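Paired with subunit B in one complex and with subunit C in the other, subunit A is shared by the two complexes that follow.
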Partner chain A sequence: MVYFIVKRMIQSVFVMLAVAFLAFSLFRFVGDPITQMTGVETSVVDQERLREELGLNDPFVSQFIRFTGDMLQGDFGYSYRTRQPVADMITERVPATLELGVVALIISLLVGVPAGVYTALKPRGIWTQTILMTTLVGVSVPTFVIGIMLIFLFGVQLGWLPTFGRGGTVQIGNWESSLFTFSGWRALLLPAITLGVYQLTLTMRLVRAEMMEVMRSDYIRFAMARGVPMRKLHYKHAMVNTMVPVITIIGLQFGGVIAFSIVTESVFQWPGMGLLFLESIRFVDIPVMGVYLVVIAFFFVLVNLVVDLLYVAIDPRLRLRELE
Partner chain B sequence: MKILKLAFIGGAMGLTAFSASAETFRWASNTDPQTMDPHAVNSAPVLSFLNNIYEGLVRRNQGMSIEGSLAQSWEPLSDDNGWRFNLREGVTFQDGSLFNSEDVMFSYERASSEAADVRSWFAPVKEVRVVDDYTIDFVTNAPNPLFPDSIANFMILDKGWAEANGAELPARDAENFATMNVNGTGPFTVTSRDPGIKTVLTPNAGWWGAAEHNVSEAIFTPIGNAATGLAALLSGEIDFIQPIPLQDVTQVEGRNGFKVLEGEETRVIMFGFGHEHEELLYSSDVTGANPFQDVRVRQAAAHAIDIASIDRVLFRGKIDGASQLVPAGISGYSEANSTRPAYDPERAKALLTEAGYPNGFSFGLKCPNDRYINDEALCRAAASMFAAVGLNAELSTGPVRDYWPQLREDAFDMYLLGWSPGTFDMEHPIRFLLSTPNSEKKLGSWNFGGYSNQRVDTLLPSIQQEIDPEKRQAMVDEVVAITQAEAAYIPLYTQPLIWAAKDNIDLTQRADNFFMLRWVTVN
Partner chain C sequence: MIAFLKKYEGLWLFVHSPSAIVAAMVATLIILGAIFASWIALVNPYDLASFSLFDGLLPPVWQDGANPKYLLGTDDQGRDMISAILYGARLSLIIGLSALTIAAVIGVGLGLAAGYYGGRFDAVVMRIADVQLALPAILTALLIDGIARGILPAAIQQDLRVAVLTLAIALSLWVNFARTARATTFVQMNKEYVQAAIMMGQRPSRVMFVHILPNILGPLLVIMTVDLASAILLEATLSFLGIGLPADSPSLGTLIRIGMQFMLSGEWWILWIPTLFLIALVVSINILGDFLRDIFNPRLR
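Let's look at the complex of A and B:
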């Protein structure tokens, strides 16, 4: 077990290195940070001096080595745009993104699982057809369109919910949370729904397919024949068996939810990591972009690891194999 | 802590009877000021924001003219080139310390240091001399009538505060105290700042001026996404936003309780040519030559543009055609040369035939797609107008972060540029856009095409030094006449300025796109 985790951690370092390398090789095509950092009246000589000071004239490989070397020593550098330490900028933005992602995930599970079970048990019902049609729209309409539509409906027309930002936040240690105030929850609702719609649809369809599969299996038929009550049959025997693969897939998708919250964050001016990344692209803020991508890679590795460990915990067969 | 501090300042504000009612004012813009340090970045979002907190020796009023701020008066030096500034007495910084000429001297040294992005303002300065506590001389290398105008955004820091907090120089690599904290003499101070998220300002109770606003708290939120910004305004969560996209104007106007504020920026949009290029880079039919080196071809391009149609179709009638590199109303504007080339496709074709291109030719047109209002659409429209006379423009567009580097590398045959004269004088575009590029003398740094005319180069220093307004205008007129005759650029129009606010907000829209809280009234 320990060996397994250590092996994964070592692998993750290589994944992050690879991501950093890819990112760095792309940064040259993003644009010129110097023209974004200086004003129009700044002379070409001063621009060149700044370029030299920041080491932007160095060959790509030595820039990359300097970046990774500094990172390995815990020095994440300073933003070209704001001159603040990148590590602080990113850690300040992590809570907003994580809370948004987790709430989006919870919404998608709370709605997606029951809807999946319902549509599996009543495959020909009129509600099933309606739900399937509606969620199809949810997958095919781009996130930012859904976001803008929600904003204009609930924010502008009805005036029920705020259109941007996080609302009231509470500081708990280093963690700035919007989960403990009423205005925080109001602000969280629309972005979380926007971010969760895709995940919701996926969960629902997955649960539906698995459930229908399980309902056809022999032990369910046998239980039916034995006269086990339908309610117990559906929600105890069938559903639990459905959830094992569903949890795996949803878990793996969570990394994607965090990484792709960029669009949602931009539409709702949600002050998370994604919004920071977008601003950094606009200003060619290479240190922030680099660290953000490495952090996201780390998230993916971490989520995968947790899912693997969960799998071992849930499925006794894997534990046995480990012992042998 | 943050909340406590706010409550304290809110309480303090309540005691000083400012105005009949205390009002919270919320506003948004598309860019967060990168820093609170007035010398670190020379960009409009930063300077506009900090003008609410810090002050210069002089400042611009609602009509853009110069008036006294920390200096009460100024006059040319009698025995030397340069200016004497007589400073206002009894002014205090927000931390309570007294303002005097030492602070100006310190700020000059700081703002002209290598670490400062605003140091180009002080290129003409030879020496600064403190005469006494409230008198300071700026000695220039040559007579410089425009110097007071050129330092309207040079903001004064408290020497003691900066030294005590290790902010003697603007932050270049890592942040310093002045990146996040402020201590100005201005009408507002920052009570909390969360970069990129929210900045809260409250009035400075000890400000020397008489407050014209009735704002008790101002909350600034940057909103990058234009649709989100509009929704925030229409839902009532913010009172004012700058700018809004042109296509949203009817949405705002169509609703009760909101208004659109329209004006003209001082920015002129123009096309530039690769004067220096020996051959076209992106042509499929001309090799080994650059037709744009022929003045007739450049004139033909100018006559191909139909500004009236561009105005009607792309700008809903909100733009005025431009004849020169600054709009009317800017000092030095040449009244004598105020007609722009007429839209005349027949004449354009005739000129092309005369130049030896009866069937036209193809070339590359570079445009940004996120820098100016409707920039990409403008270039598409212009490309089809060019095509109508035989000039086949291969249009390529891209984000501005990649655009300037391409222009610096000469990767264009023709390009789009917008220019706002930082000093609000015609001398500014002559120096940056019309002078022969010379990095040592810091001339022509935005003259990407390398336009060069000896007479213009000789006139520039005389224009910079001439004190007699009539003589000076005559020289400016000559420069404008030369560059018009040579079609150095094709000036197109002045960019519109479009802000939106709730009906109950009164504010001033200044032509430099700066937003001043001290002119806001919440009714």
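Let's look at the complex of A and C:
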């Protein structure tokens, strides 16, 4: 158990180092940092002096070590475009994206898991066929189109909900939250549904596949033969065993949610990290791109680590295998 | 006839699956329309001289004030919507298919080799795949696009947009191919025919491509259809975000982005017709993909 945890942590550190290396290479080789920092009036001599002072002539490895050290201390450098510290720009945007992502994830689970279980238990029902057909369309409709449709219906035609921005926000320490005002929730609803729909279809399909697999297994057949009441069989024996993959789904989907939030944030002009990333790509703002990459990778690695540890906690078989 | 169909089980299932037939028809129609776009289309949307601003913002024929020449209306520039969509679909399909081909070549090549050689090579390829899989495709594609913007000189960037976009999509989709090819190759490696071929002293490349590859084509074909849909969606999304293709050579995604500007002003067709078209294309490809998966995975039937 301890061995497993330590092994996973070492793996995570390696993934983070790989991503940091990627970000560093971006920063170092895509465009020349000196030309980005200085204007046309700066003489070549001054440019060279600056290059020497900033240590850009040092060996590659020592530059990378310094870069990683700075990152660990929370020093992410300055944006080429706004000249602000990147760390400030990103932390300012984190709450918006996280709140959007978490609400979207909750929506997708609250609808996706029951729908998946239902369609697995009644595979020939008319509702199941309808739901499955709808999700196939749901997978095929790109996120931005879902966003446009929701804006058109609820924003433009019906005029019920705002179509851009975060609405009213409350400042709690460094965290700018829109979860505590009515207008904040109103503004959150459409983007969260947009972001949740695609994840919802994935959740549903996976839960369904898993549930069908479990229902075919020997212990369920045996329980059926023993005369365990159907309700208990479905919701106690079968569903509990589908929960392991559901946890993986949450882990994987968190990644999807964060990535697709780029699209959703763009459609709804939601002031989160995704919008910042898009702007930084458009203006080739390499420091922001690199740091965004590192921050996102950190979220992923963290979530995946937690998921793996939860696995071991939930599934006794995995613990046994470790003991052998 | 029935005996013939029963012999080929896939075909038999196909003629008995109405959704697969409809999907195949829709996909074929769109693909044919895209291939013959320059013959069908009234105007060439890339050629500014072939359309006129005076024809701008005409609604589709079934609405008042329409010009019967333009069946689905025109956009603000006076471009015929049908022409714009056909050319847009052509561009989307070209980018999607070339990206898919590149992704398949890279992914299947690496996956086959990883499954064949195993050991350290396999470990390295799979670790790279793991890291990339942690980043969703859209993020990878955006990143590659951003890097290309930084590296390429501004003068040739516009000319290379299509190539950059294709490469960005290809590099974000190869992992699926690699993983599937590797897993299925592993299974084949234990089969006697492969062992026999190796023992006969055949070259590794021959064993991989002549013996193993034909036997793992089924699952790869399923990945191909599913990933074609993903590639088209990725392209549309990137173009919609405004970092894909510029507005003078519009793909379906660019058309939707342009159409968004008219959402509030009542010219619904500029937004919704390309959108419907994109959805129809991707839905039909996905239905075909689902159908193929069911064929190759009898357990799900």
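One rule holds in what follows: the second predicted complex is superposed on the first by the 248 of 324 C-alpha atoms of A that agree within 3 Å, B and C clash if a C-alpha of one lies under 4 Å from a C-alpha of the other, contacts with A are read in each partner's own complex, and residues count from 1 in each chain.
In the analysis below, contacts are C-beta pairs under 8 Å (C-beta built on N, C-alpha and C of every residue); 3 or more make two chains touch, one makes a residue touch a chain.
Please read all numbers here as calculations on a predicted model, not as lab measurements.
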item: Contacts of A:42 with subunit B and subunit C, given as first, second, both or neither; value: first
item: Broader residue contact with subunit A after superposition on the shared chain, subunit B or subunit C; value: B
item: Which of subunit B and subunit C A:254 touches, first, second, both or neither; value: neither
item: Touching partner for A:299 - first (subunit B), second (subunit C), both, neither; value: neither
item: Subunit B versus subunit C as contact partner of A:198, first or second or both or neither; value: neither
item: Contacts of A:152 with subunit B and subunit C, given as first, second, both or neither; value: both
item: Subunit B versus subunit C as contact partner of A:81, first or second or both or neither; value: first
item: Touched partner set for A:118, first subunit B, second subunit C, both or neither; value: neither
item: Which of subunit B and subunit C A:64 touches, first, second, both or neither; value: neither
item: Partner chain(s) touched by A:30 [first = subunit B, second = subunit C, both, neither]; value: both
item: Contact residues of subunit A, present in both the subunit B and the subunit C interface; value: 30-31, 148, 151-152, 156, 266, 278, 281-282, 284
item: Touching residues (chain side subunit C, partner subunit A) in the complex; value: 130-131, 134-136, 138-139, 142-143, 145-147, 149-151, 229, 233, 236-237, 240-243, 256, 260, 263-264, 271, 275, 278-279, 282-283, 285-287, 290
item: For the subunit A and subunit B complex, residues of the former touching the latter; value: 29-32, 35-46, 49-50, 53-54, 78, 81-85, 89, 148, 151-152, 155-156, 159, 162-165, 266-269, 271, 275-276, 278-279, 281-284
item: Residue ranges of subunit B touching subunit A (in the complex, touch as defined); value: 32, 34-35, 40-43, 114, 117-121, 171-176, 179-180, 194-198, 221-225, 227-228, 231-232, 234-237, 399-402, 404-405, 422, 432, 439-440, 442, 445-446
item: Parts of subunit A lying in touch with subunit C, wherever the complex brings them together; value: 15, 18-19, 26, 30-31, 136-137, 139-145, 148, 151-152, 156, 255-256, 259-260, 262-263, 266, 277-278, 280-282, 284, 286, 289, 293, 296-297, 300-301, 304
